[in-house]
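Both of the next two complexes hold subunit A, though its partner changes from subunit B to subunit C.
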Partner chain A sequence: MKPHVILRWFVFVTAALVMNFPVIATFITALKAPAEIARNPSLVVHNPTIENFVTVLTVSDRLNIYHYLWNSLIAASIGSILPIVVAFPIAWAIVRRGYGRNILFPLVVNLRALPLVIFAVPLYLMFSVVNLLDTRLGLGLVLAVVNLPLALMLLVNAVAEIPIELEEAARMDGARLPRLILRIVLPLCRPAFITTFVFGFITAWNEFLFGLILTTQKAVPMTVGASFFFATSGGGVQWGVAAAVMIVAALPPLLLGLIMYRKITGSMVSGAVKG
Partner chain B sequence: MRLLPSQENAILASPMVLFLLALLGFPVVLSIIYGFSEASFQSLMSPKLIGIANFQLVLQDSAFWDAAWFSLRFGVITALLECVLGLFLAVYLAPLIRENGWMVAVLIIPMIVAPAMIGLMYRLVLHEFAGPVPYYFYEWLGWSPSFLSTGMVFQTIVVAETLQWTPFAFLLFLTAYQAIPQDIREAAAVDGTRPWRMFWKIELPQMLPTLFVAGFIRFIDGFRVFDNIYTLVGAGPGGSTTSMSIYIYETFLRRGEIGKAMAAAILLFVVAFAILALGQSLMRKRR
Partner chain C sequence: MARISLGNVCKSFKGLKVIKSVSLTVEDGEFCVFVGPSGCGKSTLLRMIAGLEDVTSGQILIDDQDVTKLEPFDRQLSMVFQSYALYPHLTVRQNIAFALETAKQPKEVIECKVAEAARTLKLEDYLDRRPSALSGGQRQRVAIGRAIVREPRAFLFDEPLSNLDAALRGETRVEIASLHKSLAATMIYVTHDQVEAMTLADRIVVLNKGEIMQVGSPRELYEHPGNVFVAQFLGSPRMNLIDAASDGEAGVMLPGNQRLDIGQRSPENIRTVGVRPEQISITDDGDAAIKGTIKLCEYHGSVLSLIVDAGPMGDISVLAPSAGALVEGARVSLDLPADALHFFDELGHRVTPSAQA
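Moving on, here comes the complex of A and B:
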């Protein structure tokens, strides 16, 4: 290998290790027994064990991780499917009819640049009136708002890429609008639905602020639940268990993201450049 | 019965419009009411109108200005660092990535992990007894800075944020770099242009719009930062890491000053809106 190729590999490995360092170090700590953590904070594990993961995945009074995972799963599903459902019809109207292109579309797209905390306080007040505080549905609805801008943008792009000739041909055959949209446009947008869903699911799963403010017990999502393990209660933090909790909490979006990374990166770029 | 196109449009738009009205319209009305009222968690349902007193309260609060200054600094510094590092990685690694696409997946992992989780992970990583970073400092240098102390905490969270979001800038630059037409490079190469000059004179100007977009998006994200700072240090020693988002959160949930929190949120909205409008008009001029 030529020297400059070796140097490039060196830069890549260094960047990968440094940027992923918190995840790597947390994973290593999760493999240490409590006694070893006290003696050996280094990155070399002498006696690797899955003890911490067993503790985390066993239901106990102090900790029921399945509760948090379930809450996150439900809320993130609502938060990623609902935006697609409400944005798809208007995406077609925006592309083919220019409807809402000047006001509604930029308004929604710009929502994602606003600090979320602005909505958090009034949503708290509203939810306390309509009894949605500390519910998975309430959290899911808010996450849907968070995901709506990118969903709309990706679906508008998807509809715009459908050749108009296909739609015209269907019109010629006498297809009316509902049929046209459901039979022609919808199937062709399926790849965009999947991308939008995956991206939205990851965003929703990783969201923290709304979970912190809008839930207290019943609907606490995984990100907020994980932070509870750091609330020092007398004996201090059990680092091994806490590390295992973080790995479990980070795993669902990580797996989804790595499987679909081409789609994710594609939508990140188009979302950024066209916004 | 056939519908008119305008009726069809209205029907197609209605799901999203109704959804937005319910989840944002209602809160906007509440914001305005509570922003001009006095209310606490005890008197939540009976806000008392007091005019602009909340806004005066916020604008006279030095903690509000500290938070604004913190967010501004944090946003600018992290955006700059992320763009410089991301640009370097994208351009320098592009030849390797052309043959090894999977490298991109490795480098974007930090973005797929929740910022809140990254903040918690740093608590472990930087912990004075259990954390590997202080351990290796002692091991190799014989001393270790206290990363979360008043003097160091700002640098620490800047590094944490930069390491997590450099991949975003990297990704945008990589895409822009790969999109530069090959014949431009070849023409320059025929003329004997050296690699360094090629970068400055040909590649960088081609990527300038992306540089602007990436910097702007990263600034906005840095400006509104909450999750990772909150889970790592909360408001920080002596409130030294209180960003705008954390200021509003603390005013609302910790101190229960609902009217004041709402007034601050409205002010933040106005500022964010102004930044956004300014950024977009600048970008339009560039194009």
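Moving on, here comes the complex of A and C:
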């Protein structure tokens, strides 16, 4: 191997290690027994154990990780699919008919710039009135609002990239609006739907604030549930268990990202290059 | 098939008049070409007929049915776009079948018609491909196939050949012409290319700045242009225009006090004389009205294209047989045959000299 190739790899591996150090440290901690965590802070594990994972994955009378995972899955699915369903027709209307292009669209997109915590108190009060507190649906709806700006932005770009001639050709071919949307616009937006879904799902899965405020038992999502593992038995933080639960909680979005990676990058490239 | 009439059709964009009161009837089965420089409104006019642009005032009739306010899908016209506008996510077969499926035709009928269109356009081998896997010429044929399967009332073409290379353009032009013959369909064709206009059209509509300049057969327009714009727009190189004034008899006075005999009594209001480059001949006649120096000599194979600097008359382009031994810098005399001259008045309108008294 030539020296400059070795050097390149050296820099690359170093950067990867430095940037991923927190993840690596967490994973290694999860493999250590409590006694070793206290004695051995190094990255080398002397007596690797899966005991922490067993603890996390075992259902106890107080903690049920499957319950949290299920809650997160449902809430994140609602929170990532609903914005697409809502934003797609809006995106088409903004691009093709110009509705809301000057005020509504910038306003919705800038919603992302607001710290969402300012909605917390009014939302809590509203949810308690309509009985959405501590429900997966309620949490999902809020997550949908969180994701709506991103969804709208991505879908507006996607619709704008469809050449207008395609829609005109379809209209000349006799297609009325429903057929035009379903057979032409919708299929052409598919890459954008996948991108929007993946980003939205990951954002929704990792959301903590509203999960903490709006749920107590039945609908507690994984992010909030994970914090319950930190102090299970009064004897301070069990770092090994805490690390294990973080790893488990991070797996679903990680897997989704890995599986969808090709499609996301594909659609981004096709979005960047005209043609 | 159908007859399409435009009655005082106008179109404004934000107060800017892009189409100024156009009236025109395209007869059933006619091949009508809209031609003009870019920005003349030819595409806008076509899109108004298609229903893709709304009409500010005036009306559009298809077979005496008022379609001015109808949506494109209710007008039963087919359109071929400059950018092909093929549906990228559908195969060639699905692209061609789209309109038939939209019209909810039975499956067997669709299959049969798609197969027929594919045979006509030599697309049989590509039916299961996506448009991205086709060449430009094949894409254009799919676009045409998509238009012909549904037997529309008329075909609209919006510069369909301008994205093709020169050889393919010629080929596809011939295909479109034979398609028109075999379908006997009403076709409206927009182009900025005068060769396409001249070769394809039964009738040409020359547009400029949103107005019709002249309507007529290619021969009429070429041989009897109604105004300076049409005279210069059709023909390559462009028609030469020389300032002129009547001498009150059978001649006109050209700049530099040269008299040109026109064989007929010259009308008083002549301001310009036009003559096409190919009708000027180089002569040895020392008394010729126009003499000049060859400024530029381009060899085009079958002809030589010359620019002759004729002093006060400006530059005059001439097409000469390529066999001649003409070189840049040579002095030449130009012969302008009286029957090849066109006369225009102050406003650029055609003036016809009265027969000699």
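Basically, the second predicted complex is superposed on the first by the 238 of 275 C-alpha atoms of A that agree within 3 Å, B and C clash if a C-alpha of one lies under 4 Å from a C-alpha of the other, contacts with A are read in each partner's own complex, and residues count from 1 in each chain.
Just so it is clear, a contact is a pair of C-beta atoms (placed from the backbone, for glycine too) under 8 Å apart; a residue touches a chain by one contact, two chains touch by 3 or more.
Just so you know, these numbers come straight off a predicted model, no measurement behind them.
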{"item": "Clash or fit, subunit B versus subunit C on superposed subunit A", "value": "fit"}
{"item": "Touched partner set for A:Ile6, first subunit B, second subunit C, both or neither", "value": "neither"}
{"item": "Contacts of A:Leu182 with subunit B and subunit C, given as first, second, both or neither", "value": "neither"}
{"item": "First, second, both or neither for A:Trp239, with subunit B first and subunit C second", "value": "first"}
{"item": "Which of subunit B and subunit C A:Leu166 touches, first, second, both or neither", "value": "second"}
{"item": "Superposed arrangement, angle subtended at the Cα centre of subunit A by subunit B and subunit C, nearest 10 degrees", "value": "90"}
{"item": "Contacts of A:Tyr99 with subunit B and subunit C, given as first, second, both or neither", "value": "first"}
{"item": "Of subunit C and subunit B, partner touching more subunit A residues", "value": "B"}
{"item": "Subunit B and subunit C, minimum CA distance [Å, superposed model]", "value": "9"}
{"item": "Subunit A-facing residues of subunit B, complex", "value": "3, 5, 8-9, 11-13, 15-17, 19-20, 23-24, 26-28, 30-31, 34, 44-45, 89, 92-93, 95-96, 103-110, 112-118, 120-125, 127, 129-136, 139, 160, 163-164, 166-168, 171-172, 175, 210, 213-214, 217, 220, 223-224, 226-227, 230-231, 244-245, 248-249, 252-253, 258, 261-262, 265-266, 268-269, 272-273, 276"}
{"item": "Residues of subunit A touching subunit B in the complex", "value": "5, 8-9, 11-12, 15-16, 18-23, 25-26, 28-29, 37-38, 41-43, 82, 85-87, 89-90, 92-93, 97, 99-100, 104, 108, 110-111, 113-126, 128-129, 141-142, 144-145, 148, 152, 177, 202, 205-209, 212-213, 223-224, 226-227, 230, 237, 239, 242-243, 246, 249-250, 253-254, 257-258, 261, 264-265, 268-269, 272-273, 275"}
{"item": "Subunit C to subunit A touching residues, read off their complex", "value": "50-52, 71-73, 76-79, 81, 83, 85-89, 98-99, 102-103, 146, 150"}
{"item": "Interface residues, subunit A side, partner subunit C - complex", "value": "163, 165-166, 168-176, 179, 183-184, 187-188"}
